[in-house]
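Let me begin by handing over the structure; questions about it come next.
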Amino acid sequence: MDALLDFWAAYGSTVVFAMINAFFALSTYAVLSTGVLSFTTVVFAAVGGFLAAQTVGHLQISIHLSFLLAAIGGGLAAAVVAVAFLKLDSHWMALASLALVLITRVVSLNAPILTGGVNGLVVPLRVDPIEVAILLAVVTFAFYRLHNSWYGLASRAVREDPAVASTMGIPPRRIQFVAFVISGVVGGIGGAALAFTLQFLSPETYFIGIAFTMIASAVLGGSFHWFGPVVGAFVFTALPVMMQAFVPQIEDVAKGVALLLIMIFMPRGLIDPRAVRLRRAARLRHKQERAVNA
Amino acid sequence: MHLFLEQFVNGWALGSLYALFGIGFGLVFSTLGILNAAHGTYASWAAIVGYYAVVWLNVPFPVAIAVGVLAGGVLAIVVDQIGFQPLRAKKAGLLGALITSIAFWIILDSLAGFATQQQSLAFPASTYPNRMVAVGPVMVPQMQIITILALIICAVGIYLLIQKTRIGAAMRAVGWNEVAAGLGGVNARVVILLTAFLAGATSGLAGVLGGIATSNVSFTLGEGLLLKGFAAVVVGGFDDVRGTAIAGICLGIIEVFVGQYVSTAMRDGVTYALLLLFLILRPRGLFGSTSFLRA
Amino acid sequence: MPDPAASRILLEFDDVVKSFGGVVAVDHLSAHVRQGSVHGLIGPNGAGKTTMINLITGLFHPDSGTISFDGKHLEAMAPHQIAALGISRTYQNVRLFSGMTALEQVMTGCYLQRGVSLWASFLGTGNARRQWAKTRDHAMSLLKRVGMADRADELAETLSYGEQRRVEIARALGSDPKLLLLDEPTAGMNTQEASSVGRLVHELRDSGLTILLVEHNMGLVTEFCSSCTVINFGRLLAEGDPRTCIANPQVQEAYFGRQNDAERIQALR
Amino acid sequence: PSRAEGLAPGEYQIGFVTENTGPLAAAGVSYYHGAQLAIDEINQSAWIGKGDTLKMVEKESGSDAARAVQAVSQFIADRNVIATSCCILSPVAGAVRPVAVNAKIPLVIYGATRPGLPQLPYVTSVVGLPGPQEVKMTKTIIEKLHPKTVAYFVNADNEAFQGRFKAAQKVMEDAGVKTAGVISILGSDTDFTAPATQAMGTNPDLIMVWTTQTPAGGIIAALRNRGYKGPISANDVIAPPPMFKKIGEPLVGVPFPVLFSAELSDTPEAKAFIEAYQKRFSALPDAYAAQGYTMVYYVAQGLKSLDGKPTRESLAEAMAKITEIDHNVYGGLPMKDGQAEFAKSLIGAWSKEGKVVRWDPK
Amino acid sequence: MLNVSKLSASYGAIQAVRAIDLSVKVGQFAVLLGANGAGKSTTLRSIAGLHRPVAGSVRLGEREISSLPLHKVVGAGLAFVPEGRMVVAPLTVEENLELSRFSGRNRDNGLIDHVYELFPRLKERRGQRAGLLSGGEQQMLAIGRALMAKPQMLVLDEPSMGLAPSIVDLVFQAIVRLHKEGQSILLVEQNAAIALSVCDYGYVMRRGQIVVEGTPEKLKESPEVLEAYMS
């Protein structure tokens, strides 16, 4: 028990950041799973984060309510973004989303009333890690449900081949629109969780760093299954901590090498349903053959 | 008017760097299908190696450039063979390669930090042409002229290589599908090495020139180029060198003019907002890359 | 069974033009398919057959002319709207979704028949679960129909070419369409396998489906089609009864070659 | 929280959040070296007395708030760590501060210049706030150069430099010196030819540069390369020797305010520090190194003032009570409400030979 | 010419081809028949270097080619028309055909005219990107590309797939002509009637194994073939 407490004291914050990154990774996964590579999770996180910080700061609402507002704000922002972006083809969309991330930074630097500008913003409340965990569990469960619903099936089809999906009656743009909104809601929640954990926001808080963390987490963990991004976020957050413990001098290099090795040996991520199915198919085939031969 | 012209040239030279970098970046993107986040570090490393060649070995300016370019190319090959080659066999696609390249970015960046002792270095003033030259009514730094010419030469050369030669056809073939190219007898390995080298070398050139011109040789050098270079590639229509060159130059000029006439604090914001607007109005980029797949 | 030759027109092309740059793939083409028929669409390579299918399913939009289905104009519709009208298709170069099992492919094909809203399906209501199970059984029965039931849980991409074709047909049937467009469904199958597809086509027609069949296998066309359209260079060459069409000298020349050794070729088939 | 009871007697650990990589690594390494040197000195000279020694444990943050918070949390969990120190960037410091306050552990801020960060008794700062030095230099410049117009370069994305710039601009305008133009740049910018052209286009009598290190060097180089001959002023970011090595000639004669300079500071403590630093790291210490050094002595002084077994809380209380850091290289360093106040500042400039000398406008 | 012995190939744990022996003598025309999923394509892909076999050897003349990279297999004189065509979509028709010259094997300008003569359609479309061709046109291109390599050994996987009767006829005429000129050929074909009427020797596969082999006359009699093809 004591050992557990010690561990929590030392690595509790790592776990909290891993959970927050899991929100971001899931948010990215939401669009990725419909074949859209977008960095706009950063934007949704910023909207959610600043919204939560400001409402808690000025309107004195409760943390729970502000999480809700952050989710709604993120979702709305995502809906607007989706309307503009869904006209674009893949690579252009990726660029446009990067551009939006950079614009967000400029806006948050130049709109001190909303964001505290260059001075940053103090967030008066702190969220309990347990609450973050519960929230993450709820969100993850929602992704599990999505995966096993008609939406999940449709989104996989759209990801693999939007043209074919459309001739089967699946409207790709609408599915992707929904994906964006989900991404916005989850991103907004993640942004608020980050705000209530760091308790200090600046224009740097929601910037390229998050963009790479989230995409790396999603792909590293496996972008073909809802559980992948969660696993990826934990691995990606823990990597630097572990490297710091073992090879403090070259921790960044070591972190890069670890990431590299994972990708080289498991290029589709740690959780790869396709690989599982291939193995299962092989077993099935063996069984059938034995039946035939018998 | 004078100021306008001066800033125009400044923007053009700056944009030429973006374009030069973008050409290399776009080459791997369009032919090898890799969105390479580590590309920026090639530029950083090219500048660093060029710098040490000058400081330690006292090599003259052109040699320093050549050494830097070579370093960029070789680094690109090494990264490709260690990181991307295994993925090709496993068909990991764009995302896998993207994350691998992020891993290399982390590694090479922090190694570059060690190599420069985390400092930003600069080529000693005496080791490169640093006078101002009168071009018509305006005074232009020699490095800007060199940069502008370098872009023109590289853009034309690479365009011709890719579009008009058999090597270029082989490069495009391998980029599409190694097996399909192999069926045509193309040695995919060699072509990939060649492409990687060429891409690394071009971006390396941008790195050395940029490092010299901005007095900033450090691990942060490539990062700035990366975003702008990517923008140039996409806006230009990503399989067209001409588009990249033009888009890069425009990007530089817009950036400088927004800084001069609108507001520097808003510079990036305005530049990227324009970019976004352009993309939404013209969703396939400047040269609207032609599709080659059927519905 | 109604006489297909007299039944009403289900699909109609009226003066349709589609060109790509310099290539006119469909050139002022008018044609029609009657309800309840198995209609063959034949023509040499590059004649514009696949382009026609792409036009019907909304992947391309015609440059001019109209395409109507059941009285509705399709030209400006999006593919998913057209699919919702009851048009379904297979692809010439098998296009299955990577990472999905054969069963999931067919389930995806059943998207329009899911019977519940996305929202209910997300919530997993009792009705949604029942519908899901029902659709699953339906998908399974479709796989059985094309002879792939025992491979239902295998990744489609690990099947052989011919097997993938069958899965694709099952997927196209998933949406319970009124009109089924088959683009060379028997390519890569041997005679026996091909005629089993032919029999499947007949069964489907008997259950009320209208089928547009693109085929190079003349034996199959003459045996299973009730009418046909022959095109070349995107233009209409002949129309009507399959045997008459094929006997048409113009068709013979365009389709069977200038050497015109029709007999030998017939013998070979 | 009650963990502090179990501290190993005699050896106290300071948890130091380093920034030896990332965008600010150049300065980060100096802070780190300065702190290392202080630890060694204190242990060798038994400065604390009572047989107590100090040990530094470090964790890297790469100037990232989340990583810094994790590092501090890990220090907090380690019962041997009695105090922590952190952060060059204010947003990072802002994020770490509540963690330290909640855990009741002393946190000494060593780089972030946002006013109001200290929170007694736990959070204190040994950083010189923007203001006095800038004001003093600006006044001197007005006196000596009589500019009529001045153009400013300022970091749009760094609150510390915004503060410094505003302080200087106020002095200028109060003295009737007009603002010819304000050119904002971003910390990550590298190309300054266009901003330099822009500044020169305003025809100022003086150009003041209030930016972080790399841009400052780049701007000054670009201005001189484009043929700007007029006076330029800058800030202490151009003081470290590597800057002169990098930029060279263009830096000569550019004034900057310094609290500490290896060449100019001449108190006995400063001299000893410089000598020891040079011996240990074969380089001259800069202002950052001096701050890292000061931070450790501040903690040590707190420990020294305590009897018996110190806890984190008692150390924090003790440190909060300190009104003057005894051992410092600045010739006096009062602490007010947990914030260091620098009484004396100097105006330095690089000479042609690459030495920092007192600025002489001639 | 081509000697395959004890060749086994699998996809992960799925074994698709088990220890088959097969050979094509110089100048011989062999066909390989079998139902969907029998393993024909896997066999050819393993021979042509597109798929690494798990065991066994593939010898072209005296040379072991089963471990060579693809372009070397092509260089060694084995050209392959794969299932699914695999043309290089972004290249024009002409560039696709010219690719084989990159390997420096042939400098024969007449060859491309030969291909165009065989497939006039390709000549019409020479400037078009291969990915935009119709299915049949792509198939012609794939065959043309193989011919451009001037192979000693030509391996074709269902070359008639998707081709109109006239073109099938042309293709077979061309193959037969090549065979008459001494070309060694290995062919997989669903149309057993045509295949058996032109070949010298045949193999029939079932579930990854060769179950019957022999002269076309013998095969035509065999129950395996009769059942599947002559219905």
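A, B, C, D and E label the chains in the order they appear, each numbered from 1.
Everything below uses one rule, namely that contacts are C-beta pairs under 8 Å (C-beta built on N, C-alpha and C of every residue); 3 or more make two chains touch, one makes a residue touch a chain.
Not measured: the values here are computed from a predicted model.
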Contact-richer chain pair (by C-beta pairs counted) among A-D and C-E: C-E
Chain whose Cα centroid lies at the greatest distance from that of chain E: D
Whole-Å gap separating chain A and chain B, where each centre is the average of the chain's CA atoms: 30
Rounded Å distance, chain C centre to chain D centre (Cα mean): 74
Where chain B and chain E are represented by their mean Cα positions, the distance between them in whole Å: 43
Residues of chain E engaged with two or more neighbouring chains: 11, 14, 132
Shared interface positions of chain A, touching two or more other chains: 109, 163, 252, 278, 281, 285
Chain C: positions in contact with at least two other chains: 59, 158
Contacting residues of chain A [partner chain D, same complex]: 6, 9-14, 17, 109, 118-120, 122, 126, 194, 197-205, 209, 240-241, 244, 248, 251-252
Chain E residues touching chain A - in the complex, by the definition given at the top: 11-14, 207
Sites on chain D touched by chain A in the complex: 3, 21, 58-60, 62, 64-67, 69-70, 73-74, 76-78, 89-91, 94-95, 97-99, 102, 114, 156-159, 162
List of chain E residues in touch with chain C within their complex: 11, 14, 35-38, 41, 83-85, 121, 125, 128, 132-137, 139-140, 158, 161-170, 190-194, 197, 227-231
Residues of chain D that touch chain B when the two form their complex: 20-21, 23, 25-26, 28-29, 156, 183-186, 188-195, 197-198, 201, 213-214, 217-218, 221-222, 225-227, 242, 246-249
